[in-house]
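Down below are the structures I want you to see.
Consider the two complexes below, in which subunit A is the common component and subunit B and subunit C are the respective partners.
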Partner chain A sequence: MMEKINVKICVGTMCYVMGGAELRDAIESLPQNILEHLNVSYSPCLGCSESEQAPPFIEVNGKRIAGVSKNSLIQIVKEEVRNVV
Partner chain B sequence: MRNNGNFIEVDFFQKNKAGNIVCGDCFMSQKLKGEGRVISVLSDGLGSGIKACVLSTMTATMAMNFTAMNESILRTSTSIMNTLPKDMVRKISYSTFCICDIDCFGNVKVIEYETPPYYLYRNGRFINIPKEKIPVEREDLDNTFLWISEFTLEKEDRIIFFSDGVSQSGMGTAKMPFGWEDGAKEYIANLVNQYNDISAKELAHKIVNQAEKNDGYSLKDDTSCCVIYMRKPRNLLVCTGPPYDEKNDKYLANRVREFQGKKILCGGTTATIISRELGAKMEVDMNIVDKELPPISKMEGVDLVTEGILTLGKVERILTEGDIDRHREAGPAEMMVKMLLNSDKITLLVGTRINTAHQDPNLPVELEIRRNVVKKIKFLLETKYLKDVEIMYI
Partner chain C sequence: MLYDNFAMLTKRELLIRIVKLLKERNLVDGVKYIPVEMRPRNKRPIKCCVHKDRYILKHKIISILGFEITDEEIDLIPLSEFAQKALDNKNTKENILSVVHEACSACMQSQYFVTNMCRGCEGRPCLMNCPKAAISFKGGKACITQEDCVGCGLCSKVCPYHAIVYTPVPCEEACPVKAITKAEDGTEHIDKDKCIYCGKCMQTCPYGAIMERSKIIDIYKSITDPEKKIIAIPAPAINGQFNATPGQILSAIKAIGFDEVVEVALGAEDTSRNEAAEFEERMHEGKPFMTTSCCPAYVGWVDKHAPMVKPFVSDTRSPMVYAARRVKEQYPNAEVVFIGPCLAKRYEAETYVPEVDYVMSFEELGAFMVAYDINPENCEEQPLNPEVTKYGRGYAQAGGVRNAIVAAVGNGYTTLSVEGLDKKNQTLLKSMVKKPEAQFVEVMACEGGCVNGPCSLAPLTLAKRQIKKALEK
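Coming up: the complex of A and B.
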């Protein structure tokens, strides 16, 4: 059994307002063959509001990524899955 | 309002006569903070519809203000009767009223004019309080009296008063040809025995709904019921915002852990601090959805964990609108409103660290300053919902 990719999406105020609200839809729109490699979770706050980078934030396997949009999230996830498979 | 550590919950519910868009009964309640008094007034205007609504609103407002000014009851009632406009058809000016004035020691004075008698429910039975009868001199009507009774409220007492829509509901039906008077007592006793801690709000709702049922779901008169319940306060802690000084994180977490009552955490950062300090696991719950708001989380030992400022903003909107029953969908803000309204003593523990990220002028205007929103919520809860609210800044 292959290890799953941990994707953590921040749903804190800033991230949510700045587009995080759409990320859930983006993830759920992915095809099953990609979804099965993912372990999606949500966080009330990843604690990045003091950072210089722009929200929304996500964490992929513990690595923080800033300024994620619907499209870039799909790209990032597909990339990660390709690396694993 | 608290008396010897007890809390007096006042709530009421009303439904209009079938087909009417306004209610001819008027209920008002006011808390005089400085004196520690709670005054509640219910008035039923002659007839129904707009005319009755005007009559009862005038009566209730005058009765409330005269009572708050400690004016004598005879002067109050005379003033009311002289002020009310005369009915074109019946040539009288008329509306009933019931004033319930509770002071800071729990001494109650009830003044009734032409209303169905109030009930006092204590220790599983109804108590009859002797009433003083004072004749009212008026030109247009004979034999009307004020009934004045005084007693001291004890813990777990309930005072129930209502308009004749309740006591006369079902009148003329085979089951209750003379209305619901004794049946109502039995109904209330059964309910309270079954649910010992039934809130004033819930009891008032149930009584009015039962009256509607008695009338075959088509009320024959405006129907209102007010319940006053003295009991141990239900405490609620709402904790929002991180402390100004990080050194106080531990103090905040301890306050949350040791609080006796229900607890709400409001804000991602706040929740993360508490979770870290108490070692309590936190998980986002995506099952409860509100399109406008980020989701809630679950944490052991805490009753509700929500996002911060957006949720507080919506809570404030719902409290302002005041139409809680319309918000049937159970989103995070509605859950919080329900918890606020089901509590008596609410402590708002507000962290004062400013979230610099929220100060970007490009952001939506909903991102208000936390302290302002919290102050608005406190004002609404105190004035509109008669809650005992305290804000603490940390």
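Coming up: the complex of A and C.
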């Protein structure tokens, strides 16, 4: 069994207001052949308040990525999956 | 449209930072750092340099603090002084919408324009098809004489290289009533006598140069004043703004510090009842048709641009009015804050509705939620008022008022739902005076209804889904 990619999505209010409202929908709408490689979890805050970078945030395999949009999230995740498969 | 725009996020970040400073009781000292923190030297500037960027932010902050940005004297006044003034006095300024001239890029006058892609081909269909002989060839390239051009766009359509483009002025293009126009220096100005406060220009400007006047300072002062009772009345569209249930959203709003939260949907029940009665009465009297009156931008349009439609607009008041009245009956000394996605409600509340003390936008509500660290998803479910039906909550979307009226008066009448006040719909509404298309006409200035209002927080797709969920319950 291949190792899954850990994707953590911030669902905190800051990220929600600053453009992340649809991140959860975006990840859940991915096709099954991509979702099966993912280990998706949600976090109330990925520590953006201390960061100088712009929300919304996600974490992919422990690496924090700032300023994510609905479209860039899908791209990032697909790219990661392509690297493993 | 909502999230594909960094100017909108800039406005939200400013709101969040200001509310955070308010909460930390550090506004006067802290406000001057905002422009520097948001536009640091090591980041690429958006305009010519960081100083211009910071200067624009300063002006936007002044606008959020509730001041008008008109004369040059404001350059001499530090931000902290504005903050102190805002905290000391109640905001009584009149204009609701203003242009931040520093941010306005003074876009080129709308025109058709020949780009470098022109190859000066032998065919020259632009030259041949122009009905006004406005095109000539200079140095082997097409050139439009702007004085002769009437803007028909034929040249652009026939050019095989797509070399002729149309350069719009976004705010002017978005304004349905031509209320925003250029001054001599090229910046935009809003004509208050024409403006219907639909908010389209504000939503469209890619520089975020059009700002609404905010009342958050006054609202914050009332929330934190232990002597005052302050009651929030959120519009039905609130149910689409968060990934949470209606009950959770109500308790999230309460958590900010409101003493009570009453759904405007409760007032919508009164509107439906009165509107249905008024409609039946008018039909009985033999009137040809009646339109709704709950959308303040539409009512503004009728008042300022289509007086002939006025006799056909219902006299029933909007849900906001009835909800506020109910609150004031119960708590005569309480202050009432309407929370909604609408800019025109600010105008309605200030001009016709003494029962409403303040209007707050969904964006501002979002800023409060962030600053107070409230996540509606984690809030506990507040019991909903059983008096509110799905018809009352349905006012959030276009077609909602019509559904409520049909439910009350039955299927015996013809109905129509008009969404958006574009040119076509304006003509349609005006023509109805002579030739009514239906007996009951619902009019919403925003396509899709309130859920698509100019001060919304959630993207439309998400908002629509959440409202659907809320109505199913």
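In the analysis below, the second predicted complex is superposed on the first by the 85 of 85 C-alpha atoms of A that agree within 3 Å, B and C clash if a C-alpha of one lies under 4 Å from a C-alpha of the other, contacts with A are read in each partner's own complex, and residues count from 1 in each chain.
Keep in mind that, in the parts below, a residue touches a chain if its C-beta (ideal position, glycine included) is under 8 Å from a C-beta of that chain, and two chains touch if they have at least 3 such contacts.
Quick caveat, the model's predicted, so the values are computed rather than measured.
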Exercise for the section: Identify the partner contact of A:Val17: answer first if only subunit B is touched, second if only subunit C is, both if each is, neither if none is. Expected result: both
Exercise for the section: Look at A:Ser72 in the shared chain and tell me whether it touches subunit B only, subunit C only, both, or neither; answer first, second, both or neither. Expected result: neither
Practice task
Mind working out whether A:Asp25 is in touch with subunit B, subunit C, both or neither, as first, second, both or neither?
Solution key: second
Practice task
Name the contact category of A:Pro44: first (subunit B only), second (subunit C only), both, or neither.
Solution key: both
Handout entry: Partner chain(s) touched by A:Asn6 [first = subunit B, second = subunit C, both, neither]
Key = neither
Handout entry: subunit B/subunit C common contact set on subunit A
Key = 11-14, 16-17, 21, 24, 44
Problem - In the complex with subunit A, residue positions of subunit B that touch it - result: 267-269, 271-272, 282, 284, 286, 294-295, 297, 305, 307-310, 355-358, 363-364, 367
Fill in the blank from the handout: Counting only contacts in the complex, subunit A reaches subunit B at residues 10-14, 16-17, 20-21, 24, 41-45, 47, 49-50, 55
Fill in the blank from the handout: In their shared complex, subunit C is touched by residues of subunit A numbered 11-14, 16-19, 21-22, 24-25, 44, 54, 69-70
Fill in the blank from the handout: Within their complex, subunit C touches subunit A through residues 3, 9, 12-13, 16, 242-243, 363, 366-367, 369-370, 373-378, 457-459, 461-462
